[in-house]
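Both complexes below contain chain A, partnered by chain B and then by chain C.
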Partner chain A sequence: MNEFSSLIQFSIAIPIVCAFLTLFVKNWGRPAVQILGVAGFAIPTILALLLWLWYDPSEPGGYAFVSNFDTGLGIIGASLHLGLNGLSLPLFVMASVVGLAAGIFAAQSKAENLHRYLFCLLIMQSGLLGVFSSIDVFYFYFFHELALIPTFIMIGVWGGRERNYAAMKVTIYLTLGAMLSLIGLIVLYSKSGADSFDLITLKETLAAQPLSESVQRYAFGLLLFGFGILVSLWPFHTWAPLGYGAAPSSVAMLHAGVLKKFGLYGLVQIAAPLLPQGVGLWEDWIIWLALGNVLVIGFICIAQRDLKQLIGYSSVMHMGYAFLGVAAMSALGAGGVVIMMVAHGLTVALLFQLTTLIHHRAGTFEMDEMGGLAKKAPVLAAFFVCAMMASIGLPGPGLANFWGELSIFLAVYDLRNWLIFAVVAGIVISAIYGLRAIARVFFGEETEAFQEAQKEIAVKDITWAERTPALILIVVLVFIGLFPKTITTSLNDALRSEPVYSQTASLEIDE
Partner chain B sequence: MPVDTLQQIAETNSWGSIYPELILGILALALLALEVVLPKFAHGLIPRIAIIGQLVLLGYILFVDPTGCCSGEAFGGMLLLSPAGQAFRVFFLASSIFVSYLGMVSLANKQLPRIEFFHITLVITGALMLLAQANHFVMLFVALETATVGFYVLVSYFRNNVLSLEAGLKYLIMGALSSSILLFGIVLLYGAASNPALAGSSVDSLNFANLKVFLQANPTDVMALMGMLLVISGVAFKIGAFPFQIWIPDVYQGAPVPTTAFLSIASKAAGFAMLISLVNVFEPLTDWLTPLLVGIAALTILFGNFGALTQRNVKRLIGLSGVSHAGFLLIGVVASMSVEWALTAILFYLFAYLLASAAVFGVMVHMPKEDEAELSLDDFADLSKKNGFLGLALAIGIGSLAGIPPLAGFIGKLLIFVAAFEAELYGLLAVAVIGVVVSIYYYFGWLKYAFFEIWKFNDDEEDREEPVPGASLGLFGKLTLLLAIIGTALLGFYQSPLGNWLAGS
Partner chain C sequence: MSPQTYAYALLLIPLASALLIACFFRRNGAMASGISVGAAFLLMLTAGHLIFRIENFAHDTHWIELGPLSLNFGFLIDDVAKLMLFVVAFVGFLIHVFSLGYMKDDPNKARFFGGLSIFMFSMLGIVVASSLVTLFIFWELVGFSSYMLIGYYFDKPSASDASKKAFIVNRVGDFGFLIGIVMTFWVYGTLDLLELERAVNEDPSKLSLPIATSIGLLLFCGTVGKSGQLPLHVWLPDAMEGPTPVSALIHAATMVAAGVYLLCRTGFLMTVDAVEIIAWVGIATALFAGLTAVAQRDIKKILAYSTVSQLGYMVAAFGLGTLVHLNHGASSHEAVVTGGVAAAMFHLTTHAFFKALLFLGSGSIIHACHHEQDIFKMGGLMKKMPVTFITFTIGLLALIGTPIVTAGFHSKDAILVLAYQQNSLAFYALVAGAFLTAFYMIRLWKIAFFGDPNSENAEHAHENGLVMTVPLALLSIGSLFGGFAWFYPEALKPVIAAGVQLNQGEGHGAAVGFGVIAWALGLVLAFVFYGAGAKEDRFQKILPPIHRVLSAKFYFDHVYNWYVANVQQRLAGFLQISEQLLLSGVIIKGLFAGVSGLVGIGLRSLHVGNLHAYVYWFIGGLALFWAIASGVF
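Then we have the complex of A and B:
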């Protein structure tokens, strides 16, 4: 028991408490609900930053802030075992930051029944923080579902066009993915002989006695496709653009930014270390499907006319790199995946928020009906350019995405030399659609449709209330971009202690 | 029968050990007496007396006698008292209290006899309790018939409603058929196990322990196998397992809501109580029994879920979804043959199912609809706007039935899945996953009506003053629903109280 371990428990519990409180203060007016809602996101963020500051992985298994609580599932060897290691700490912090941005943005939205909207969003946040701080594999899954259920409700109730269809499709796809991964986790529990869902125990047991090849094959297969559906692995990605297109923007921010990382995190933290042989057996599958993500979805992105769909598809596309990083099975690849998850989470949340702001001004997501917005809203344009540059991963070491993609590319080169061409082609594709989107929305002449729309909407630049969440995301993005060591040091230590990852190259690019 | 045998039997009569059943019987009779004694204006008190009496009994069992006062055989081997039996007692009592409450709401403004409903509910509950502890085929059959005859009446209780009468007739015919199949199976078992020429035969061959000894000695006896098959078929009727689920949609639709709830909660659980003890008896026949149950479970899950997909009538939907739940529970039963703690998983699942069903039926009974047999998904449109509390209760109940974390239903499903995996039932697990995914479609479809705005054709009916759902929701109704919601949510997060009690039982 660490003296700060209760901070994790608080950061999971506070959003839930605030969620229920918002239901009670709704009669005190909108400001009370807003303040309480934002507090529910802000306090865990402060706690997460403190945990980042005080992080010291001295406890068994390389974890810090460990606490254990038996809820009564001892019969299947599950208990609420919380803690953070080098892999989960960056994601935990990222989840809290994106949550704060989404929360502030949601609080100022014009949603009907704001208290219920914030209620759902706070429950989601609590689940997200739980996912990344669970050492127990069962609770890792449990918290994911806790975060997922509000998503369905929020898409269905507060969503945009096609929300009914989107909510149903997202629900069914993600339930299928979740069920497959649940069965995969049960395989780990049962076949390992550990009779425990505890990740540390599982690691020890399987290190001493690895599973047979056939078990590894189907266990990893279940986890790969289960998690894969959740991470929108091609060709199981169709729910993602549709769902993000229909979802209210705060939900899209939280889901695309944080919740979708659940599957990748599961692969890097659980599946790959426990089933190293399984990764090798499925390596070709991962490579080809991930190439589907990068190239096929990349071309779809180029053809996309709808800005929000474009962001949705681009987030699907970037997941391809992450899968390749997982397949590399090296400390460099896995580390790159984690950095990329953090950076991509911040970036895509930022993009979804800015896209909504553009929609407020242009009244549409159709890029053909915009143009010249930079003159009317220069600061918004600057933010968007910054976010899109980060998303492409191109411009030098100023933004966090670059480090993640660079490490993945190096790892992928070790995996299959020729893959580097495909991956670089992906970068070119990203640059094409990203820069074209910027050009169409912000530069050039105003289209007639946009001039028509301006008669009804007075186009202003981004307000301070709208700037706050965007600035939070940008500041963290730039901070990690300039000082990647703040997360890579602990990440590197955690990955070095994983014997299954090849150590020929490690994450020391920042030195 | 010689006198000393009778004396010997009489010595094992431990009346004190079946005090819950006795109290229920006395309470049932007292209700009838009170109807005669009390003046007419005070008759409204009688259902309350029934509910309070049961609550006191439940409280006594839970807090004073949680694991059962006695154990071992009683009444000459007719009953086997066990902690698991005590768990089933609590289950039936809780469902009976809930059904009595539903009855009170449902009968409030109907020109029908009232008191008999509560009387019969109590009698059925007592019979089901005995059924769960039966250790002898005669006891099993008598208890089962007592409950089934009671259900005949309850199903057709709305005697001025055609659908209710139709349901009653269908249930009568199907019930009689299933009872006769069961009886035929019992007779075959009796015939086989009483044959003095065979090893392990005994005079009292219908006693579960004696029968098991016989089956161990003759695991390939054809007559015994036929008997086993027929007995399992008879039980499959009760739990609504494939291919004996055909009666469920019609009967559930026509029966009054309280009866539907009683059938889908208590009657189903009673079938599983029987099945758990029968699986133990038929253990020597595992080679035949396991494939049989595996096949039934897989087809039950598939039929229930795919059948429910297209239903718009709520009671038919809940009936078919109940069929799929029977399938999931059957997985647990199959697993319990090789995994010891699977029994705990089944009981946990049943309690989670009870709480979730309580929430769903509790909402259904408060929907304003003249003919409740016609209650369809459209009637739930915009429920969350009209009455947020009922909407929440429905969401939690359905979410738990669908097995969505962090609700109790998810933990139940998880325990069953883990048990099934440990029992190496991989094929069944695959079917179960398909079932869960399909079920999301109709459960979620129901919630869609209640929560999402559905574009409606604006015809003349819109102008009519619509009754508000939940107008009949009194303090007691709110408390009942609140209990179901909180129980469901709490068990999802913190399972210790129920889990430890069940594991101890």
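Then we have the complex of A and C:
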């Protein structure tokens, strides 16, 4: 056991403790609930940053801060085995930071029953931190469910337009995706003969004796579509824009930013290393479906009129890049996916927050009913331009996003030469919808509808309370972009220890 | 201090200025302009130190590593970079000063000066970047600062549209550029410029791979976007929606020339086939833009098309010169500066002087005429604005290549000599371009400055203050003497002297002869057409059909607008509707309704069993999908 391993346990436990405490302090008034809620997000963030600082992957399997608890499930080979490696550490940190931003933003929201809202959100945060720090596959899944269930409740209770339909649809899709991936994981467990859910054990067992081709085919198929639904792989993505459209903003921030990455993380950390042959067998499927994400959804983004839907769709589009990175089965591809997940998580959370702020001012998400907002809210405009530029991969605010995209593009060329033309077309498509959104919301003249709305809403610029979560996200994003080695050094080590990820440039050029 | 400290300072000074303005002086225009101009002054000093006191150097810091990809953040300061650094820092500072006067009464000028600082940061980054990735990063950033400054008057829909257009069209070019970078990495195994050059020299056989030509052309796509070459030039004339100092600095002197600089930095990766295409694209652009400029009425649009045309000359210079080098020159790529690079950079430098001068002059005019930009509504400005008139005339004489006494003559001459050596068709095309340049510029000059004032605004025009006229005077000196090697300090000479030397090459007589004839012909013809100033365009009366095509800019914008409205939007709309219909509802619900009707479960289950049925159908469909996918059927 590592001397700091308890920090992981604390960062999972503290949100839960704070969640229950908020229910008790609700009679002390709103500020008490708010402070407790924010503390429940802030303390794990500080712990996560410390773990990032002290990270030293000296323990078996390239993990650090490892701890193991028997939770009475030893009979099925599951125990609460926690730790971080180069792949999970960046995501763990990102989850804590996005959680903090979402938490601060939630604490100042006007939600009814704020204590219950924060309760759900804190449970979700605990689950998220658990997902990325579980070495045990069973608990990896358990923590995902722990984070998922509050999502359904929050969309149904605090959601916006069409919340019941959205909650139902999101529940169906995500439950189904989770079930499929659970079946896939159980197949892994039972066919491997390891009698353990422990990822390190599984890896060792399967490295010595890989699964047969047919098992790899259907096991990876289950995981691909199970995880794929959770990550909005085309055409199983329709829950995402709808769900995010209806979800309260902090939920959208946490789900699109962090929880959605569960599936990709599962593919990169578990499915691909354990079932490398399976990835090869499904390669064409991944490529074509991911192209659906990039190109079809890209064009659908262009047709959006609703700002929140646009952000939802654009996040679906970006997941296409990530799937291609997975299919590449190389250090560049998998590493690119991890960098992209981190950058995308921060960016999309930022965009959802700012979108809500725009809604507070314009009273609508319809871009045709806005216009000229930059005059009344110049700083908000600057934040939004910054966020949108990051989202479309402009190096600058989005330097981290650019690193992710660049690595994936490099990997994609290695995967299939022709594919690069289709995939890089995405940078033009995203520029089209991103800049249109900026122009329609902030530039030009005020539309009549917006002038009408201003009779009821006094439009003011972004306040400091609103700026705080946005600034937190931007600072971390820019830091990772400027100093990518803070995550890529350990990431690279972790990828090097996975023999399934190719390290070298194959330099095969077909004409 | 170590050399790299100065290079870091080049980036950190403008960045600090931009951050200071953004964080603290958003509403304090006076402070913001002071900080920004002060930063520009410091930059000029730093750049001067780097150019004159420090030997060429390269410095790299490890930045990111992932699998086979290992990238450095670093600087590569060589002769070409030093010349570019000089242009950016010197012209940049003068334009900052000019802006103090031009933007004096603007309530939002903090945003303007902050944007200028971001621009200086990104542009200097391009100049010093030591690897293709670093260069690309700053490349995108100048695109962003250009976007921000074109859209400075964002409440004007035309400015908002122009800024969007500039960014998107540039991204189309970057699409190719980025793919070129990806391919470069897989073929040569590195993205560092020095290592690439070494790799090419060690194994020149890679250049004979078919993919090498693709790489050259894909990298050139970046240039096509940024330097407004055909067919991606459409954004540059629209970019004139930005404040005029921005047009002078970004859209005439420096950023648009970055494409040419990119070619010069990556010249060793070019193959004969690639360079040939590059040269012809440049020549076509030079001619096309010259023709378009003949029929424009807006003073800034005329200058914008002239910029496109001159950028065409630079690209052609690079292409033709490199072609000469690859065909006849030394087999190794190790020459200090090849003819193509020298000619392109030489013209880039003189163009920066006289085009910045012309744009600032036009800014001075527009400022004085209360934002009137139509030359047919000016007239008689010679007497009202003597200093502007003189400096504008100097810039104009340099642009049209007035023999011996102006810089433009010498740099254009070098390009004509290269064309003569390579291809006679190219040579005559570029001579024709020179004729057009003389014609449209004298047209502008006669109409705006001579005759009687054609509007109220021109009537009340008056000369501007010293902050605006002194930069004009300094740029005039460069426009006059920038064609001589002695004009430049020792550190800048290697490139310039190589450019000047081209003028002694084979075909020099023909280049001068034809150049002067074209110049004289254009001049005389414009005098005949627009002799004593004019209220309307005589050309339009004589040849209306041709004029219509030219003033419509060869219908490029029409075609693109048609594409956006009828192809892109319709495709997006179609996919959106099919998404709504197919995926989210009709198929699943419709199937359900149909089947339930058939089976006769009837309406009841439609109400009660909605959720369950939905789940079943979904699972059923997914199972089917999975079964097909895994090859059960």
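FYI, the second predicted complex is superposed on the first by the 500 of 511 C-alpha atoms of A that agree within 3 Å, B and C clash if a C-alpha of one lies under 4 Å from a C-alpha of the other, contacts with A are read in each partner's own complex, and residues count from 1 in each chain.
By definition in this document, a contact is a pair of C-beta atoms (placed from the backbone, for glycine too) under 8 Å apart; a residue touches a chain by one contact, two chains touch by 3 or more.
Being a predicted model, the structure only gives us computed values, none of them experimental.
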item: Greater residue coverage of chain A in the superposed arrangement, chain B or chain C; value: C
item: Which superposed partner A:280 touches (first chain B, second chain C, both, neither); value: neither
item: First, second, both or neither for A:485, with chain B first and chain C second; value: second
item: Which superposed partner A:168 touches (first chain B, second chain C, both, neither); value: both
item: Contacts of A:176 with chain B and chain C, given as first, second, both or neither; value: both
item: Which superposed partner A:146 touches (first chain B, second chain C, both, neither); value: first
item: First, second, both or neither for A:242, with chain B first and chain C second; value: second
item: First (chain B), second (chain C), both or neither touched by A:189; value: first
item: First, second, both or neither for A:210, with chain B first and chain C second; value: neither
item: Set of chain A residues, in rising order, touched by both chain B and chain C; value: 168, 172, 176, 180
item: Residues of chain A that touch chain B when the two form their complex; value: 70-76, 138, 141-142, 145-146, 149, 152-153, 156-157, 163-164, 167-168, 171-172, 175-176, 179-180, 182-183, 186-187, 189-190
item: Residue ranges of chain B touching chain A (in the complex, touch as defined); value: 341, 344, 399, 404-406, 410-411, 414-415, 417-418, 421-422, 429, 433, 436-437, 440-441, 444-445, 448, 451-452, 454, 493-500, 503
item: Contacting residues of chain A [partner chain C, same complex]; value: 168, 172-173, 176, 180, 217-218, 221-222, 225, 235-236, 238, 242, 282, 285, 296, 299-300, 302-304, 330-332, 335-336, 339, 372, 374-375, 378-379, 382, 389, 394-396, 399, 402-403, 406-407, 409-410, 413-414, 420-421, 424-425, 427-428, 431-432, 435-436, 439, 442-445, 484-485, 488-489, 491-492, 495, 501-505, 507, 509, 511
item: Sites on chain C touched by chain A in the complex; value: 22, 26, 62-69, 111, 133, 136-137, 140-141, 143-144, 147, 151, 154-157, 159-161, 163-164, 167-168, 171-172, 174-175, 178-179, 182-183, 185-187, 189, 209-211, 568-569, 571-573, 575-576, 579, 583-584, 611, 614-615, 618-619, 622, 625-626, 629-631
